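Heads up, there are several structures right after this.
Here chain A shows up in two complexes: once beside chain B, once beside chain C.
Take a look at the complex of A and B:
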């Protein structure tokens, strides 16, 4: 993509990703409620929540905390901007990891016991999903011979045909990234407290709103990677992303939370069997 | 018109209640009443909450806890005293260890009567509290200006 087009897509992403992310969160809450036999909140409820949080008083434990949370939001936006501008996929993944690190530092900086446990559990989550994310990028590189999102997207054949194992492995860690049961060990997106939402215990008002908006940006980016597996036909790609998200909601409502040992163990086993297996198959072919 | 009344998150504290009112508070979250229809979440973390729902009477043991939770909540915030004990001390009012209602420790905005308070009454109380919350927010904005 040439100069001006890159900036147009970045601006479009920055404006429309939170709108899409918020709507996805709203649909998620309604479907979850229906699965539990409830009516559920209005579609725009996530937006009401964020606008309310922005209007609330901000109680920061210390000065750095706000900066760290802002950096979390900023680097999540950078991740998506690199991705949707057709940039380097590997760089986008590293920016996302940096963003997660800022969230962990923000939690640590508060010196609260719950935030400490939450930060530790968040770190375990990062350890759990990171190998599979890297393997996904490596797999895409081995097929298309490029780390460039634009080259991967314009590859003639859908990646799903050559990377079925990696796709399934990526679905597995997507449950962790979307913060859904059974792997929502550090920051469940449902109304919980204490250890299950340890990371955000000490954030209030505008900071919590920033964490929420960052989560929307992140979800849109992750669904973008799902679309990449079928990028040659964008209608099928979007249908695939919708089906994947519905599957995640279904899994979320049908599982109880696992211990962190199980999260870490199962994520690594899946990365080893599906991820490494698929790459070994590609290499030996 | 702010977004305050559209997304009230509440923190619920059981101050030496007999659990009658607590069960009714939790009943509001069930499919029959489903308070999430109004965006109400039982958030459980005072730093995220807008509405403080207290059940049961105040005694020496939980006085400091109630005050602590109230102080940790960011402004604007409202307090709903659910049940006879939280409103006035109820049948335990004259006990040697009971101080009376929640309003002995923190300012209460809405009193929900009943022993135990019915879920309908609790929802009605919370919805009334939303009006108070909106008023407090407007006042906060006015003071800031």
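Take a look at the complex of A and C:
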């Protein structure tokens, strides 16, 4: 992609990603409600929530936390911008890690017991999914010989055929990244699992709105990676992303939270078997 | 060339002066002046040679070689004497074998040995010069204030500060020797001196633990030294050369075994598994010693040598397989020590494991030896040196103020000692976070490894995840906003404050200026030696620099007063109204205390250490097998 096109896609991403992300969240809430035998909120409820939060008074334990939360949002947006501009996939992953660290730091800075536990568990989550994320990028490079999102997307064959193990492994850690049960250990949106919401306990009002919006951006980015596995045909790619998300909703509503040991252990075992297995297969071929 | 000689000899002269003139005021003057001279001379050397490519100097004569030989024998005698005095017979035996080999070689071949070029300078030497001269000099400066404090805090330790500074400066001189030597016998001479210096520095406290750990370090490094002298003897008798720059041009039958032996020596010096324990034991020494060993001297000599050997791995027939096993030792070390760092509560031990881990990654890169990976390896050397020096010295200052160096007691350091804490945050961010230094090199390493050997990326993937965990939890402790205890007043001597600030600025400058460092110093070197050069693409560099700018600029928003309603933390409704206090059982008022995860069941030292030792020993045996 050359000059101006890059900037157009970045701007489009910045504008439309939160809309898509918010809609996905709305659909998620309706489907989850139906699965639990409830009617559920209106489709646009996530937007109503965020607008209401933004209008609220800023309450905080200290001044720094707001800065860190803003950095979290900012670098999540940078991540997606690098990705949708067709940039370097590794760089996008690193930017996302930086963003996650800012969220953790924000929770730490409050010196609050609940946020602290949440932050520690968030770190465990990062440690659990990080190897599989890196192996995913490695696998994509081995097939396409490029780290460039644009090159990967325009590869002639669907990556799914050569990277089935990596795809399944990525699906597994996607549950952690989407903060779905059974791996929603740092914060859960299910009230039956926790009343005090882990890592975001001390954020309220506009800060909480920023966290929500950041998650929308992040989810769109993650689904973008899912699409890369079938990028040669964008209709199938989007169908694939929808199926994956529905699957995640299904898993979310049919599991209760596991201990952190299970999150870390299972994610690493999956990365070792599916991820490393797939890479070894490609290397020996 | 005069500058090269000056850099080797000047620290030795300063060392002798400091040993003779024992007054505090005089010492202060000499240390400050010599630090300035060292830094200026290092920069002068860079200005002289950064554009010339590799320049070789013949400089040398039979008399110099003989002089080196005599000093070697005297030092060996001293070491054997001390070892026997402390009933460390293994150390004495190792030294004796080493000395016997040296003496035999001198008698049998002393007069035929001739190196066309004894010394040389190229861009890698220049990078090392800056690291040794600037960071080493700054550490010496830091020691001025620190050692006064140290003896204040440790009244039982006999005050031998002049001796301490003597060794520190000899150490720096020897390090310069290591990076300028092309004659392997000279290199070995300086190499052994760094071993002896670290031995004396680790044993500075002279208590039981210090002596035990000093001998532990001595034994492991002498073992590596034996490998080194075996390599020299083999090379000379089979290939009739003792010059470092000749190695890549030799036939694989004569070069592989010596290179395996030299890599082995490099591994001992860089504290790779199974030799990692000596560097952890070195923690008993005063903190500037740790900073010195970890950042600018000692362990860097080991990886420096392996980086110098990397053209052999890349270009000599059969070198690739040998290099693969060298890499594997590094990979195992990188992974296992990163895991073990998670379970450490002592800040210095976390730093030590992180050092070993990073050195492992450097060896992974150098063992493959592709142009891209060598780029990554040298970048790690640079960023690691400056960030680690900063972190060690900061921990030293914190330790003197808080009374211990346990990470748990660093809760809310940013409110207690803001300047030091910000320095530590910079150091930690520089060690693992995008878009800063180390991450750039890890990125290049990952890219290079995917093309060279994808299985090695698995080690990087898991190791980086662990790295993220132990750094972040430490970072979180430091930046917690906690009430400053009443009456707490941080006392930081001027020399410490100056050094810490300078190192913090250097870290930031290195991170911001990495593309310039790469362009003007690294790329010409890589191109000359590997026929190709590596650089991140322009657009990626632009994005990285933009990200850095944001991370630096965004905190400025704190300066603007915002309309925030401040409330205490959520404590499930048991807040007492006072900050950070809550009603416990029976209505007692308690303070919040928070403790981190160390996951010792999973990442405990004992199990992992055994695993690492066994697998690395196996790999080293295979490495020698391949070398034969």
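Descriptive notes on the structure:
The rule we apply is simple: the second predicted complex is superposed on the first by the 277 of 285 C-alpha atoms of A that agree within 3 Å, B and C clash if a C-alpha of one lies under 4 Å from a C-alpha of the other, contacts with A are read in each partner's own complex, and residues count from 1 in each chain.
The rule is simple: a contact is a pair of C-beta atoms (placed from the backbone, for glycine too) under 8 Å apart; a residue touches a chain by one contact, two chains touch by 3 or more.
Remember, it's a predicted structure, so these values are computed and weren't measured experimentally.
Contact with chain B, but none with chain C, is seen for A:49 once the two complexes are overlaid on the shared chain. In the superposition on chain A, A:173 makes contact with neither chain B nor chain C.
In the superposition on chain A, A:268 makes contact with chain C only, while chain B stays out of contact range.
Legend: residue contacts after superposition of the two complexes on their common chain; A:279 is shown touching chain C, with no touch to chain B.
Of the two partners, chain B and chain C, it is C that touches more residues of chain A. In the superposition on chain A, A:58 contacts both chain B and chain C.
Of the two partner chains placed by superposition, only chain C is touched by A:147; chain B is not.
When both complexes are overlaid on chain A, the residue A:95 reaches chain C alone and has no touch with chain B.
Applying the stated contact rule after C-alpha superposition, one finds that A:203 touches chain B and leaves chain C untouched. When both complexes are overlaid on chain A, the residue A:194 reaches chain B alone and has no touch with chain C.
Judged by the document's definition of touching, chain A residues 57-59, 201-202 lie at the interface with chain B and also at the interface with chain C. Those residues of chain A that touch chain C in the shared complex are 57-64, 66-67, 70-71, 74-75, 78, 82, 87-88, 90-91, 94-95, 97-98, 101, 104-105, 107-116, 119-120, 123-124, 126-128, 130-132, 134-135, 138, 141-142, 147, 196, 201-202, 261, 264, 268, 271, 275-276, 279-280, 282-283. Listing the residues of chain C that touch chain A in their complex gives 411-412, 433-435, 439, 443, 446-447, 450, 453-455, 457-458, 460-462, 464-466, 468-469, 472-473, 475-477, 479-482, 537, 539-540, 543-544, 547, 550-551, 554-555, 557-558, 562-572, 580, 592, 594, 596-597, 602. Chain contact summary for the complex, chain A toward chain B: residues 29, 33, 36-42, 45, 48-49, 51-52, 55-59, 191-194, 197, 200-205, 208.
Those residues of chain B lying in contact with chain A across their complex are 2-4, 6-7, 9, 31, 34, 36-39, 41-45, 47-48, 50, 72, 74-76, 137, 140.
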